[in-house]
Structures are given as structure tokens and as C-alpha cells.
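Each chain carries a letter (A, B, C and D) given by its place in the written order, and its residues are counted from 1.
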Amino acid sequence: QAQDAVFRVAAVAPSATNDLAFSQSMYDALLAIQKEMGEDQFQFVFQDGTFIVDDAAVALREWASSGEYDLVIAHGSQYGAILEELAPEFPDVSFAWGTDQNTFGLDNVYAYTAASNEGGFLNGAMAALMTKTGVIGVVGPIEVGDAKLYVDGFVAGAKAAKPDVTVNVTYIQSFSDVPLATEAAKTHIANGADILTGTAQMVVGAIAVAKEEGALWFGTQSSQAELAAEAGVQFQVYKWEVVLRDIIANIKAGKLGGEAYVITLANGGLVMEKGLR
Amino acid sequence: MNFRPSAVTLVFFKTFANSLLNAWPLLLAIAAAAAAASLLLLALNANPIQAFSSMLQGAFGTTNATAETLVKAIPVLFVAIGICVAFRGGVVNIGGEGQMIAGAVAGVTAALTLGPIITFGPLLIALCLVCGFLAGALYGGLAGFLKAYFNVNEILSTIMLNQVAVQMMNFLLNGPLLDPAELGTNHIPKTARIVQWAELPRLSLSLGDNFELFTRTRLHFGLVLGIILAIVIYVLLWRTTIGYRIRAVGQNERASRYAGINVRRQIVLAMFLAGGIAGLAGVVQVLGLQYRLQTDGSPTGFTGNAGFNGIVAALFGGLNPLGAIPASVVFGGLLVGAQKMQRDLGVSAALITAINGLIVVFVVSSQYYIRQRARRRLAAPTSPAAAAAERPAAAAALEQQA
Amino acid sequence: MRGIVKRFPGVLAVNHVDFDVQASEIHALLGENGAGKSTLMKMLYGLYHPDEGRIILDGNEVRIHSPHDAIQRGIGMIHQHFMLVPSLTVAENIALGMRSTRGLILDLDVVSRRVQELSEQYNLRVDPQTPIWQLAVGEQQRVEIIRALYRGASLLILDEPTAVLTPQEVDDLFRVLRQMTADGHALIFISHKLHEVLAISHRITVLRDGQKVGTIPTGEATRVKLAEMMVGRPVVLEYDRPPVERGPERLRLVSVSARSDRGDLGLKEVSLSVHAGEILGIAGVSGNGQRELAQVIAGLRPVTSGSIELDGRDVTGALPTTLIGLGLCYIPEERMVDGVIKEFTVAENFVLQDHGRANYTRAGIFLNFGAITRACRQAIRAYEIKTPGTDVPVKTLSGGNIQKLILARELTRSPQVIVAAQPTRGVDIGATEYIHRRLLEQRSQGAAILLISEDLDEIMALSDRIGVMYEGRMVGIIPRASADVNTVGAMMAGATLEQL
Amino acid sequence: MIDQILTASVLASAIRLATPYIFAGLGETFGQRSGVLNLGVDGIMLMGAFAAFYTVFTTQSLLLGVLAALLVGLLLGLATAFVSVTLKAEQGISGIGFYLFGLGMSELLYQKLIGTPKSVTGFPPLAIPGLSDIEFLGIGQIFFRHNLLVYLAFALVPISAFILNRTTFGLKIRAVGQNPEAADAMGVNVARVRYMTVMLGGLMAGLAGASLSIALLNVFQQNLTSGLGFIAVALVYFGRWRPVGVLLGALLFSFVNALQLQASVIAPNIPSEFAVMAPYAITIIALVFASKQTEKPTALTKPFERGE
């Protein structure tokens, strides 16, 4: 697209680039790619905190029409509807969005998602084996998408490893309500949980609870090892670079989209990192 | 009907003329806000000049920018118009968000269910709008009813009802209204896309082939609806008995009761209308822009804060639907421009939020002085000279008495 | 005060006025509505600041920045519109802004005791524990006076203190005032009632249109002379009531009872009837059920027992709309709260009840401003209302003119039954005279008029029959002929006809 | 079932959750009683929360943390007072402006000074000797094993009531909120009183923020309060401008919230949407059945100016 050698990416994400969760996973990936290719080869702009879907629409449209970007990323499944409307208007711009597998049958749209149930399964199994009280608490945002995938995987894993283990799941209906997520974690502890897990950016409070209550924490999306400190056991970390590398290669080869990617443990897109525990 | 076309233009002129005559406090406020913002920008080693120019660019720089500004202004305008009715009726409606959502849910449901049956676009759209209006109206009316008959403070009830509405939406979008295609997959909860002929047409006028405006932008017919509605509500409030009663109750309940006006009914009616208009904002967002309803769990994800921004716009517009039009556009420009600034300078969204806050505070602080100056101008004080001239007269009168 | 000038947007409220008052003197300030009396005094009390002129206190020039400042200098003021906080008790209102003997902690018990003492010393009955909103205006008046005494003001301004008092209450007040002058207080006394001014003051200053017309010793003043100084033309102070033969019964109350805001029975089994072409005057000390009486008739207060009939039709518990439709018109006591919507324009207020009527609307819902403005202009001319125009907010009019507007609105609806509550309270002679003429005119045209007033002169001057209320009961109803100030006064104190 | 739902820990949780609402609500009560509506509470809370968190994060001193929150709250309160009392700005709007400012500014500072979610060791639970061991009905666990700020919040309720009803300052507040003209005529400096109440409100809002970031959550993140301050304002209306009323409102709201969290554990089949909506819905319903008459400060949101 852009005629010079530099590969330019523009990305929009719903939460902050430092949320230790969804948005940060993509931001870190872009940084990683930049490291690999070098600043002179790869540059990107990143609009974070765009939870208002229409604001993302404005950004995406501007980037697309500017013609300056080789790849425009809509990092958030709530942006899909926009892309479905936008992409056909700019057939020679390459778009990518996630987490989803739907390219809308458009050949300038890539879709990517994470098989977060896999890491969820491992976390769950491990948690089940480690719990002394036989009770595990899960704090989820709303019961959809990546979050649900991880939680379902976690529950399945736990049951598989130890059928009689109790896994209490609480969806607080918000990606951002830290106070409620924290109290939910405390409620789990009060109900006998000695291991906690959760997904999305509002779990930071829950992690603190695990630390204070001497419980264990399993995480996902990004590494929360530092925050969780000695409470952190294992984290499923997204490595979107795996997907981005392919997409960039394709685009350079002139293929603007039409493919859906899944990061898995197998393809190295999902990595289980140990906590300080 | 007794609608003097002069009325509208007059109001425009008056407000405009006054604001020009008394512009300096406003300019001062904007300057102050800019200064404060500049300090923030400098602190983040970003260049203020560059920042503001890109803000202006993003708001009105290109046709598309202007279009996006207007697009952003549309729901704000609708809510603001509703707020005018509520506040004029003495009801502090903070429930724009919830009422918008109620309207959107009803509107999209209508579009999805009636879409296949009714293939005549205008009719289908009209029906969706009506459904959205009614849903919002009932939701707002509920708060009005609770206030009028159970003395439940509306600020409390509307704030709470906002949360109830969004949870309702989450539930519906996750179940009954979920896009059949998405069943089983657990993607973000969203409805199916509405049929083509339920969409509000895009606003692009091309006069001849050399002049065209807003072609290939997202600007949609909602803008026209909003402006028409503003005029209609202006007429309703100041030219009809209905508006007269609403305003009377808003100003003085006791005198209204004395005059034989059913106070409670007016309160419910005001909230009914306000909610309905906010509901329209919701439908218009769906039919004109998103073509489906989806949720990320938060109200803002869908409303984009229009429910609150509408209050600000309404108050800036002097609680006058016509004043709300420019107010909403300015507000839309502020938000859209700020986003652009974020992209160009790579500054964080947080900074934008903070700066918007500053602008709102500074500008609203200037309003009072603007009003003052306007008042002073309207009534030219008697000159002391004239007063002195009158004195002998009084003296003469005194002699007569003695 | 020397060469005082005060301008308001569009008004020269006070125009080079000189004014002074000495210790142990009562200096009366006279003037029509809008003459500038209150404004002049508010400058002395630090509420407004003079645009020009000097204020000299005890020989040295002073700038009075705020009421707090004035209070510190021993200046007290009893305002025309009472300055009391309705939700607070009497004691709390008096303690407000005063230093407590317990530092930061309130000392309401101390205050209450002191209040008790004062109210005995000057015999002004008030209960320190009652919230203000439960008090009748007359009682609120007493609270204002006690507060002034409490603060030990050496210079006390009384802005129309008698506007809401009965003869007895006025006598009490005058006794208090004389007592105060005896103690060396200096008093400024504002009133529209000439005989009061003549009775109490030592000197009289008259203002007109913000200018001083003159100052004369009370000895040299006569009612006629003062009236002419105020109005600038000769005024009639007594009017003859043309005999009108009594028509059919229009309004009838049969042992009607109703609750007051306090929740107790404020109106107890009141029965009365008013016929076409007669004025039934209701006298009584404020707070003896007059307010409730007017409101039950107007449909603004539920009836707990008894029945009300309009032209033989039972309208007990009917809505105001219905009553208005039946030709009832009500001139409310608290005109600024009940009578008008301050922020609405003169024209809008003019159609408060009738805005929906066919001749003021088009297509049923659109207000026909053409017609409304025309009708309003007519009324303004007919009733000599002083206003810049029909589209200015009513709040910019003076009290007297607002009352005229209400009167115009009500009377142009060609009413069958008129309930007029305190129609001339706080209204200057000119306007009072005018309003009285209008009421008599309606009487001649066959309207049945219930005139509720605490101004006994007014009752005496206009009524065909006089009823007196005491503690919510109708003590008795007597024909004007057999009524004299003493009898009625005694009845107002609770004496029944039998006892007399 | 019921004994599973109504556990002592649920009640203890309700007490915890109520804390920030009580701080912010009491502060707002003072402002509103004097006639000033401060819609910016949530923004002030966020700034206070960050100030406290950052101070503790860098100095490990909880005392300094609280002081920092108080200071920030006081300053923002002063700014609010200046805008709504001196500049007579439309209180509805300026409040939203301050909210946006606090929302953005706190996140900005957080990004620049801390960067990524960290946690601090906040106020530890402080078991009251003797009382905390009461087994009867779990009273000990419910009431007497909380951290210092929780106790402080509840202690402030009677204190606030006393200030409002028994002191000269309280009398002035009530007068200024009901009839500023009268108060002014009695030598009360209306502006001065309103400045004091609004600054007091800011102070309390700052404290409310601190109670989140260094006592209950011990982390900071953008929009940490997520609208909690607006609920607090609503609870002031629920409490009919009385400290005890605010307390009851906060307890009711938090109790239902604690209940729904517990329910999600023991009765997973309830749709979580409805569980989460419960506190909001029930607060309204409660008010429908609550006593009818209100004594709203008549001068609320009305700037005061002499006729002049």
C-alpha cells in the first residue's frame, strides 16, 4: 500500500495499552514485531481506550482513507460490525480484526482469535490438583467471547483433573468494574475458594485479593506475574506476533485478507508462563 | 397554525447577536481552557499548536471530518431536545442513557421482526421510530410517574434506571435478540443486521457533477430528523397549550395548581416526551449508523455517552431546542476532534478526556457573565443627567403641597 | 443619608434622596409602590450599595458592605418580604448568624429562654419550638420583631410591618415601638396606611418615583395632604357604596371543615352564604382559618366534612378547573407564589387559566399570541397597570402592579363568584382605591364577593355583611350597619355575639 | 438456602462495600444541604484514589496516603466551589466537567507515574479486641474485623448529623440551603458557608477514593470507581439529605450487591444480568415504599446573588 519500504500499521483497541489484559496483548505484540523488523522497517499507531464503538469507526475510516497504512487492525470483537460495513468501501486496504474467525467473505479482511480455552484447560487442571479446599473461584466480565472461552476451558480442565472439585463462576457484567470484581473475589474466598482465576482488565483487584488472602492466582491474556507476585501460579499469554508475522508476509506478497487465524498452544500463539510461585 | 416563521429566526438572531456582543467572556474561557490544556500537552512533551490544529482538522478540517462531527452530534442533539422538555417541566432527567437503550432495543426489535414483512422502507422506518419513541417514552415516563405519584426523586430513579436498562439489553442481546448466526459461537452479543430498507438513507447531496457534499461519508438522515424535531419541540414548548402547561408546572407548581392545571399529569408527560425523544436517539443510532445493536456490557459502548453529553448540550443551548442544535454540533466537534488529536500526536485518550473536562468547566463558567452582559444591554439605565433634570419637578410639587 | 442614588437596569430606583433619623425618634417613610422606599432602606442595611451619596452614622461617614456589617453596627431591618427560613424553628431562625454562647455548638435552649423573656416583656406571643412554615404571617411578623429586639438593634428599619396585621396586632406593635423609642432606639417606619403613620411617627418623609417629595413633622400632616404628596393628585379616601338589591344565593358553605398545613383542623364547621350583588367581608386575626377557607372554596384544599355549593350545584371536592369553568374566581393571598408565575411574561400570566380557551388558541393547541396580546394590552390600559410591555417577565413589575394584573385577569373573566384574599395587602393608596372601586363595580354587576381581609378599614369600607373568624370557626356574621370597630375587634379576639 | 445466602461474610461484605458510598454521600450531603449540587464527586474520588495510591506506593506510609487524598479532595472541592459559587456556573454542567477532568487526569497520572497495575499493602483489618470475638450471629465478623477507614466512615455518620443539627455552622448550612436571602439578611456569608460545605464534600470524596485504592482494593486502574460517585449522589436523594438516610441507602444498596454476588456462587443458574441489576432496581423500589414527604433544600443548584 504505502510505497516506501516501511510497513505501517494502525490499530484501535477498547481498553488501555497497560491493562495487563486484552489491549496490552496486542500492543506488546506490535512492539515485539517492531523489535524484530526494526523501527525503520515497521511503525505503528495505536488508539487505545476506544470503548465507544463509533469512535473506533471514525479512526478506522480515517486510516483506511488516508492510504498510508499497510494494515489496519480493529482489536476487539465489538468492532466487527464496523469492519463489515467499512472494508468493502476500501478494497485495496488490508484489515484485520479479532477476536473472531469471520472474514465476512471479504478478501481484504483477516480475522484472528485465540483458543484461550486451551490455556484455560491447563490452568483449570493444574488448579484442581493444587486446591486444598476443593473450591475454586472464577471472576469473569460478561459471559461472551474470549472470556467465556477461557472460563469454559478452565472449568472443563478442572473437572477433568478432579471431577469432585467445585468451580464457582461469577460474571460481573462489566469489563471495567474493579470494585465489584474485587468484592466478587472476596466472596469466593468467603465461600472457601483457595484458588482464583479471572479474565479481562477488571481482575487486578481480584489479584490483589488473592495476594492478601494467601490464595493462588491463575491468569490469562497477558502475564500478570509481577502484580500477582507470590500468588501467581501460571498465566496464559497471547502472542499475537505469531498471527501478525503471517499477515504481514501475506500483505507484502499482495494477499490482503480472506484468512482467519487461531493462536493455539501448538502454533506458539499461546504460551503458558510460570508465576513467581 | 399560529407558527410565525419569524419566531425561530428571531430566537436564533437574538441568541446569536447577544453571544457576539458578549463574546469576550466566552473567548476568555476558551483561551483559559486552551492555556490549561497546553500546559498538560507540554508536560507530555506534545506541541500544543500542532495539537489544537489537528483537533480543528479532525472536527471540521475535511468534509468527512465535518460529517463525522455531525454524526457524533445527532444522538447528542436528540437527547438534548428531550432534556429541554424535561428540565423546562422541572424534571431533572439524568436517564438519557437508559432511555436511549430502551428506544434502541425496541427499534431494532421492530426492524428485525417487521423487516421481512414490510418491504416499503419509509413505512418500516416510521414504525421503528414509533416503537423506539414509545419504549423510551414509557421508560422515561416511569421515572416521571414515580416522581409524580410516589415522590421518588427523579435524579435517583433515572441514574438507577440507566443501569437497569443496560443489564436488560445485555440479557436480551445474549438471548432472545441474539443473531441466530451467532448462536453457539460466543462472540460479542449482537443482533442480526437489519434489512437494507430499514436503514436511514445517507445524506449526500450532489448538485450537478461539479459540486457534491458529504458523498461517501457516514452522515445520515438522522440529522434532518433532529433539526425538524428541534423546531417541532420549540413550537410545542413556546407556541402550544401543551408546552405552556409543562413550562408553567416547571416554573411554579402552586400557581399551576391554582390555575387548574393537573400538575402530576404534566410531570409524567414531560418525562414521557423526554424519554421518547431520547429513545429516538437510540433508534436513529441503529437505523442510521450501526444497522444492528450490540453490547460490550457497558452502556457507553452503544450510547457513546450521548445520554450525558445531551444534558450538557441542552444546558449550553439555554434549554432551548434551537439552541441545542449549535451546542450539539460544537460538542460533537470537540469529541471527534479530540480523537483525531489523539491519533496524530499519539497522546493518550486520558489526556483527551481531561481536556474535554477542562473545556466544559471553563466554558460553563463564562455563561453567567455572558447572561449578565446580555441583561445589562437589554435594559439601558436612566442617565444621571436625565435624573437631575427631573429634580426641579419634584421640588415644584413640594411647593404646591406646602 | 445624603444624596443617595441607586440605579437598576432600566430603573432609577432612588434619585438623590436625603434622609435622616435621630435616636428615640420614629421617622415614617411614605410612598406608592415602586417609590423606592425598600431600596433606600436596603442600602442602609448593606443589602444594596448606593451608586452615589454618603451614609453618615453617629456623625461619621460609613460604608456598609453587608448585612453582617450593618448588624455589627447595630442596624436591624424587618423586611417587607419576611426573611425567615420556613423549615427552621423560631429559635433557630433567631439564632441564625448570631454568636453562640457555646462557641460552635448551638445554644437553642438559651435562645429560647431569652425569646420567652422578650415575648413576655413586649407581650408578643410566639413558641420558640414551632417551625416557621407552621406560623401565620402575623405570627411570623412577631418573630421578625423579636429577632430585631434580640439583636438589640439601636436603629431598626420596619418595611411595611403592619401590612399583615390586625388592629389589635397593630396596637400591640405600636406599643412595642413606643417602648423601644423610650429605650432610645431610632426607628424607621414604612407603611402605606396613612392613619398608622400619623398615629405613630414623629416625622414623615414622602418619596415619589425615587425622589424625595418632602419631609414634614407629623403634627403638620393630614391624611389628605400626605395622600396628595404620595400620589401627586387628590385622592378619594372614602367611597360610597351604591345600594344593590340582593340577588339569588351564589355561594354556600354548610359546616365545612378542613385541615391546615399543620395537619390539625384549621377550618371548623364553617357555614356561610354569599348572594349576588353583595360583599361578605371576612375579618379575623391572621391564621384563624381565613387561608383554609379561601383555599377550600377555590378547590385547592380538600374538605374533610361539610359541603360547598356554587349556584345551587354541589362542588364539594371539585377540581379547580371545574370551579373556574363555573365562573369562580380567586384572588390569592400569596400573590407571588399562587397568583403569578414570576418568570412568565405579563401576557402569559394573563391567560394562566384561560390559555386553553377557544379564543386564545388555534387548532385547539396552538396559542394565539395575537389574540392574547391584544386582550392583555386592553386589560393593561383598562386597569392602569404600569409595565414596559406585555412580553416582559412579571417579576420585573412592582407588587402593586402585579396585584392589578391578577385583578385584571380574574375580573375580565366576568366571574359569578369572587373570592378575594387580602386583595390590597402591601398595595399603595392609589392602587388600593382602584382595586376597591373595581370590586364594588363587580358587586353592582351582580357578582357574589367573599372579601377576606385582615385590614379592618377595608372590610368596613366595602362589606354588606361582616363575618369574623376565630380559631377556624365563624364566630358570627353581622350586617355592616350593626358592626363597629369595637364589636368586630372583640369578635376577632374570640368573643361571640351572645357574649356581646 | 437462606442460611447459605445470609452468611455473616455477606453482611461483612455489605459493610465493606458501603464504605465509599458513605464517605462520598456524606460529603455530598453537606454541599446539597447548603444548596450546591456537586456532580463531580466521581472525578474527585478518582483523583483522591490515585493520590492516596501513589503516595502509599512511593512512601509506604498509609497516613501520608490519606493526607494526600484529603489534600487533593480539598483542592478540587475549592475549584468546584469557585466555579459554582463565585462564577455561578450551571452546577449540572460544571460537575460533569470536573468528573471528566478527574477521570482523565487520574488515568494520565497513573500512566505516567506508575504505568501498569501494581498493588500496595493497604489498611489491614483491625479486629476490635473483645467485640471482634463475639460469635453470636457472627456479630464480631460482621462489624468488628474491618479496616480503619471502614470504621471511620461509620463514625462520620453521627458526627455529620451532629454538625448539621447541633452547631452554628450546621444551622447556617441549613439556612443557606433553604433561604439564602434570609440567611444573607441575617449576616450569614452565604458564599463563605457554601465554600466550606463544598470543600468539605471534596475532602470526603477524596477520602472515599482513598478508601478504595488503599483500603478495600489496594490497586489503582483507570476509572477505578466506575461510576460509584454518581450512585453516591443518588443515595443522597435516597437519604433525603440526612446523614442517617444516606447510611441506610448505602447499606441497602451494598447489601443487595453483596447478596447478588453470593447468589452467583450458590445459585449459578440465575442470569447474572438480573443479579447485577438488582441493587439498582431495589433501591428505587425501596424509595417507592419509603415515607412520602421530602424536604429538599429549596435553593439546591440555585446560585445566590443579591437583588442588586
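Operating definition for what follows: a contact is a pair of C-beta atoms (placed from the backbone, for glycine too) under 8 Å apart; a residue touches a chain by one contact, two chains touch by 3 or more.
Note that the coordinates shown come from a computational prediction; the quantities given were computed from them, not determined experimentally.
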item: If a chain touches subunit B and subunit C alike, it appears here; value: D
item: Reference subunit D; chain at largest CA-centroid distance; value: C
item: Whole-Å gap between the CA centroids of subunit A and subunit C; value: 74
item: Computed distance of Cα centres, subunit D from subunit C, in Å; value: 45
item: Euclidean distance of C-alpha centroids - subunit A vs subunit B, Å; value: 36
item: Distance from the mean Cα position of subunit D to that of subunit B, given in whole angstrom; value: 29
item: For subunit D, residues contacting two or more additional chains; value: 107, 111, 222, 273, 276
item: Junction residues of subunit B, two or more chains touched; value: 167, 170, 174, 348, 350
item: Residue numbers of subunit C (touch at least two other chains); value: 8
item: Touching pairs - complete list by chain label; value: A-B, A-D, B-C, B-D, C-D
item: Residues on subunit B engaged by subunit C in the complex (per definition of touch); value: 1-3, 235, 239-242, 244-245, 247-248, 251-252, 254-260, 262, 375-376, 378-382, 384, 386-388, 390-391, 394, 397-398, 401-402
item: Residues on subunit B engaged by subunit A in the complex (per definition of touch); value: 64, 68, 71-72, 167, 170, 174, 186-190, 193, 216, 218, 289-292, 294-298, 300-302, 304-305, 335-336, 339-340, 342-343, 346, 348-350
item: In the complex with subunit B, residue positions of subunit A that touch it; value: 14, 16, 45-55, 57-59, 61-62, 65, 76-78, 80-81, 84-85, 89, 100, 141-145, 148-149, 173-176
item: Subunit D - residues contacting subunit C, complex; value: 166-172, 174-175, 178-179, 181-189, 295, 306-308
item: Residues of subunit C defined as touching subunit B within the complex; value: 5, 7-12, 15-16, 52, 208-209, 211-214, 225, 228-229, 232, 298, 300, 319-321, 323-324, 330, 332, 337-344, 348, 352-353, 355-356, 361-363, 365-370
